[in-house]
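So, here come the structures, one by one.
Paired with subunit B in one complex and with subunit C in the other, subunit A is shared by the two complexes that follow.
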Partner chain A sequence: MTGFQRAIATLGGLAAAAALIIAILDPGGADMMLATGGLVLAAVGMRHHFGLNSGLNFGLMPQARIDLLASLGGMALLLSILDGDMPAASWALLVACWLFGWLAVEKAMAARHLSKALASVVSLAVPVFFGAWIIFVWEMMTIGLQIPTVLLPPPSMIAVRFAASTSILWADFQQTVIKAALSGYILGCGSAFIAAILIDRVPFLQRGLLPVGNFVSALPIIGIAPIMVMWFGFDWQSKAAVVVVMTFFPMLVNTLAGLQATQTMERDLLRTYASSYFQLLVKLRLPTAAPFIFNALKINSTLALIGAIVAEFFGTPIVGLGFRISTEVGRMNLDMAWAEIVVAALAGSLSYGLLSLLERQVTFWHPSNRRKSS
Partner chain B sequence: MSQDTNSTPAIQADKLCLTFDANDGPVHALKDVDLTIEKGDFVSFIGPSGCGKTTLLRVIADLEHPTGGTISVNGMTPEEARLGGAYGYVFQAPALLAWRTIERNIGLPLEIMGISRAEQAERVQRTLELVGLDGFGRKFPWQLSGGMQQRASIARALAFDADLLLMDEPFGALDEIVRDHLNEQLLQLWKKTGKTICFVTHSIPEAVYLSTRIVVMSPRPGRVTDIIESDLPDERPLDIRESKRFLEIAQRVRNGLREGHSYD
Partner chain C sequence: MTGMVNRIAPIAVVVAAIMIIWYGFTVHLNAPWQIERYEKAGTEWQMSDLVRDTMAQGRPILPAPHQIVTEIWNTTVKKKITSKRSLIYHGSITLSSTLLGFAMGTILGIGLAVSIVENRAMDKSLMPWIITSQTIPILAIAPMIIVVLNAVGLSGLVPKALISTYLSFFPVVVGMVKGLRSPDPMLMDLMRTYKASRLQTFWKLRLPASVPFLFASMKVAIAISLVGAIVGELPTGAVAGLGARLLAGSYYGQTIQIWSALISAACMAALLVGVVGLISHFALRRMGLRT
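Moving on, here comes the complex of A and B:
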């Protein structure tokens, strides 16, 4: 156990002890439960100081498991008494739970000699646990502190709204993500890729096209979007056009940089084989450019979504993520706006994740992706 | 071209000049280089940095263009020779493509030259065995040691059976033990295949050990100062480097280098 871990454990134990003392001195709702919880967590936090060995000390990562159990138990307790009037002791217990959760993650990540399967479970569990914690604290704060739902609705309310309006969300998702963002993304990235190859091949275009691309990328989206609505109508085509404009330049610049990234020696090598321009491109320059191209694809996957959503603020049929967000905010239905944001966030994360996966397959050879074991 | 070129030299340079235009005036990388290399020779180019030995090799390979004089490779211009796949070039670094396995790296020139897949596989296997990398074909370059990577790059230069091999300090970045080993293997390879080899090096022992002829060069302007014929026997174990004859030749090379080099 490192000094850092010991410090977190001690802090967690102290926070739990504080919960215990507050619950005894200032009895309120559920003080018995809070006092018990504080006592148990304080014992867990202080066990290292008193050399207490728990009966749970067996199997894999026993230490991390005890802290995790303490954290989850405390969270369950807090959820069970969650209402608009939380006693002060519960906030101390929340801090203690958070510290034990942190400690468990620290220990799990520091653990060595894990089997491959277990290591991947740990590496997946950590971000999931972290996300769950954010949602938990969010729920605690919004309900416990009675924050107005217009400012920030609790996650449970958003989830209920989400479940109740899946058909609307699905229609909005199709309109904005599939039709506008995806088609714009494919068109923008594809045309920029072709433009990059042409620019690289023809010096005349290098002088002419590159400044134009630069210029277009500097145009503000709130200026572009209404113009595109004029040109391409209210439906998704105008949003796709905005996405094309937004994604074109990052892809162009990155692909050009990638095409320049080959080394003189490698180019000389292919020259000694009397390779043609096309062979040089396919066998050397594009593979070298792949990491650059994937960078642009990843940047653009989020840009496309932002572009498509924001563009809907400037005229749209009555469907779409951006349309729904702007109208529901106007009707003070913030839970619906948040449900739409969840859809957008999920779509963004999913596309980014898929691209990262694909990147690892394609550029497995790149130093940043080489697996040590192979 | 292979029938009537038995008499033509592998490389013939006549008053070869190459001048680079640098910011502070012209740099004479090569000046009036006369050189004839016969088929089957193992020729080393030795000299201090900047003497133009690499430039000479690059002119032969049509990677640089001479500004004066003439040069022919197998009786052709360097460009014709390059387009005809007349030589294999081994660079200072392995320059293997990281996304290709060793097999597919060695197959790269064959792929570009449009050789059928079946023949590619057969030739790749043969050259892998030739350089002692049998069984490593499915590995990626970054999974092999530096010495193995350089052997793979030699295999790649051998794969398309050009009868001329141009090697630019191929073992310069390797440690002495690996270098000895590869030198021995290269000699055996040369004897087995009967190729003409042009070999650029910094190392006197390496040059004397490997070559039938040693071309001593000197810098500013880059020119040939001496050509030394080695009469060491064909069979050269590594300990020949302690023999009297070897040391005599090495001494002559050293003298040649000293004469060409002004220390003012």
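Moving on, here comes the complex of A and C:
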């Protein structure tokens, strides 16, 4: 145990002890449960002072496991008594749970000689645990502190609303993500890719367009949304047009940079094989450019969603993520707005994840992918 | 000298080509409305009349570049800065929230990057969520953030700056983490042979090594904070700022106003990126790095 871990453990134990004392001194509805929780957690936190851990060795990561169980148990206890009138002791217990969760992660990270399977489980479980904690604290804060739901609805309420209105969400998803964002994304990235290959044949154009393209991709292109709505009407075509313009330049610049990334030696080798322009392109230059192209595709997947949603603020039919968010906020239905945000976040994360998977398949030879498997 | 010409000539040609295409589209897109007017008035018209008149419409579908330049000139130099129609007034409002958001984003980004590099638990639990945070289209949530913060009592500069912060901290985190980890093992070993403490290694090796990375990501960050500030101005009901000019222009069909706001935003973005680039150039040169 390092000094840092010991400090966290002691702080956690003290917080739990505080919960115990407050629960005894100030009896409320759930003081017995809180007192028990405080007692158990205080014992867990202070155990290194009494040498308790010597007899409780479970084998793999015994320390981290006890702390994790203490943290999860405390969370379950807090959830079971969660209502609008939380006794003060429960907040002390929340702090204790958080510190024990942190301690468990610290110990799991510091643990050596983990088997390969266990190590990958840990590296997956840690971020999931962290995310769960954020949602947990959000739920505790909004309900426990009685924050009005027109400001910030608790996650449980958003989940209920999400489950109850899947048909509306699906229609909005189709309108914004599939029709506007996806079609614009394919058109924008595809045309930029073809343009890059054509421009690549003319060095003069290349030297002229790279700086201009770099400049344009730093501009607030989202501002053309009102113009596109004027030109192409209220429906998804205008949003797709915004997405085309937004995604074009990052893709163009990255593809051009990728096509230049080959080395003279490699090109010379293929030339000694008497390869034609297309063979050179397909067998050497495009594979070398793949990491750059995937980088642009990933950037663009987020940009496409942003473009499609923001363009809906400037005029839209009565369906779509951006339309729904702005009208439901206006009607103070924040839970519905958050459900739409969940849809947008899921769409964004899923497309990013799919692209990362595809990238790993296509560029399996790249050093950044090779190192992980060895 | 020939190097300069070689570099600038292609850019000049590309920009000139864009201008010519733009003028061509101005005539082409605005012509149907103009021809309709001629026919209603019963006047005879030549091609030269058409070209002249399509470039002088009040609410064209696509304004000609010189119309936009005239509009920008009229609303910056010829108007008082305090006037509600002055682009400088609107631009300064957007600029202030951009800079505030950029400053907060950079500080937050550096802080997160340091904690990620120094603590493995932070690295494992934070890094995936920082990446996920950017796949959430925050600009879509911007109106809600503005409305909610307004209800809490925060209005004006801070909510817009918070959106810029959310957008700009990400490139800084990614760049700084890369930069703080950039010293190669040889140098780290050298520090170890000097028996340098963790803090000393950080101040004397990791931090100086990360500065070029920091400046590179700050260029991205400032451009993206401007986008955040502009979008943050949309839901406030078109009160002030370049975003408000965009929205007001789209409500009233004032295309020239939209384009002039758009072009000034583009100039501001170029200027901000240029300033950061200049600072980075001098800072890196003082540190003894060739740029």
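Criterion: the second predicted complex is superposed on the first by the 334 of 374 C-alpha atoms of A that agree within 3 Å, B and C clash if a C-alpha of one lies under 4 Å from a C-alpha of the other, contacts with A are read in each partner's own complex, and residues count from 1 in each chain.
Here is the rule we use: contacts are C-beta pairs under 8 Å (C-beta built on N, C-alpha and C of every residue); 3 or more make two chains touch, one makes a residue touch a chain.
The shown structure was predicted, so the numbers you read here are calculated from the model rather than taken from an experiment.
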Taking the superposition as given, does A:222 touch the first partner, subunit B, the second, subunit C, both, or neither? second
Should A:270 be classified as contacting the first partner (subunit B), the second (subunit C), both, or neither? first
After superposition on the shared chain, which partner residues are touched by A:138: those of subunit B (first), subunit C (second), both, or neither? neither
Between subunit B and subunit C, point out the one touching more subunit A residues. C
Quick check for you: in the superposed arrangement, does A:284 touch first (subunit B), second (subunit C), both or neither? first
Based on the superposed arrangement, let me know which partner A:365 touches: subunit B (first), subunit C (second), both, or neither? first
Considering only the touch criterion stated at the top, classify A:130 as touching first (subunit B), second (subunit C), both, or neither. second
Quick one: classify A:349 as touching subunit B (first), subunit C (second), both or neither. second
So, in the complex, the side of subunit C touching subunit A is made of residues 6-7, 9-15, 18, 61, 120-121, 124-129, 131-132, 134-141, 143-144, 147-148, 151-152, 219-220, 223, 226-227, 230-231, 234-235, 242-243, 246-247, 249-250, 253, 255, 258-259, 261-262, 265-266, 269-270, 273
Partner subunit C, residues of subunit A touching it in the complex: 102, 105-106, 109-110, 123, 126-127, 129-131, 134, 150-152, 204-209, 211-212, 215, 218-220, 222-224, 226-227, 229-231, 301-302, 305-306, 309-310, 313-315, 321-322, 325-326, 329, 334, 337, 341, 344-345, 348-349, 351-352
Complex contacts: residues of subunit A adjacent to subunit B: 263, 265-266, 268-275, 279, 283-284, 287, 363-367, 370, 374
Complex interface listing, subunit B residues touching subunit A: 61, 63, 82-85, 87-89, 91-93, 95, 97-99, 108-109, 111-113, 140, 142-143
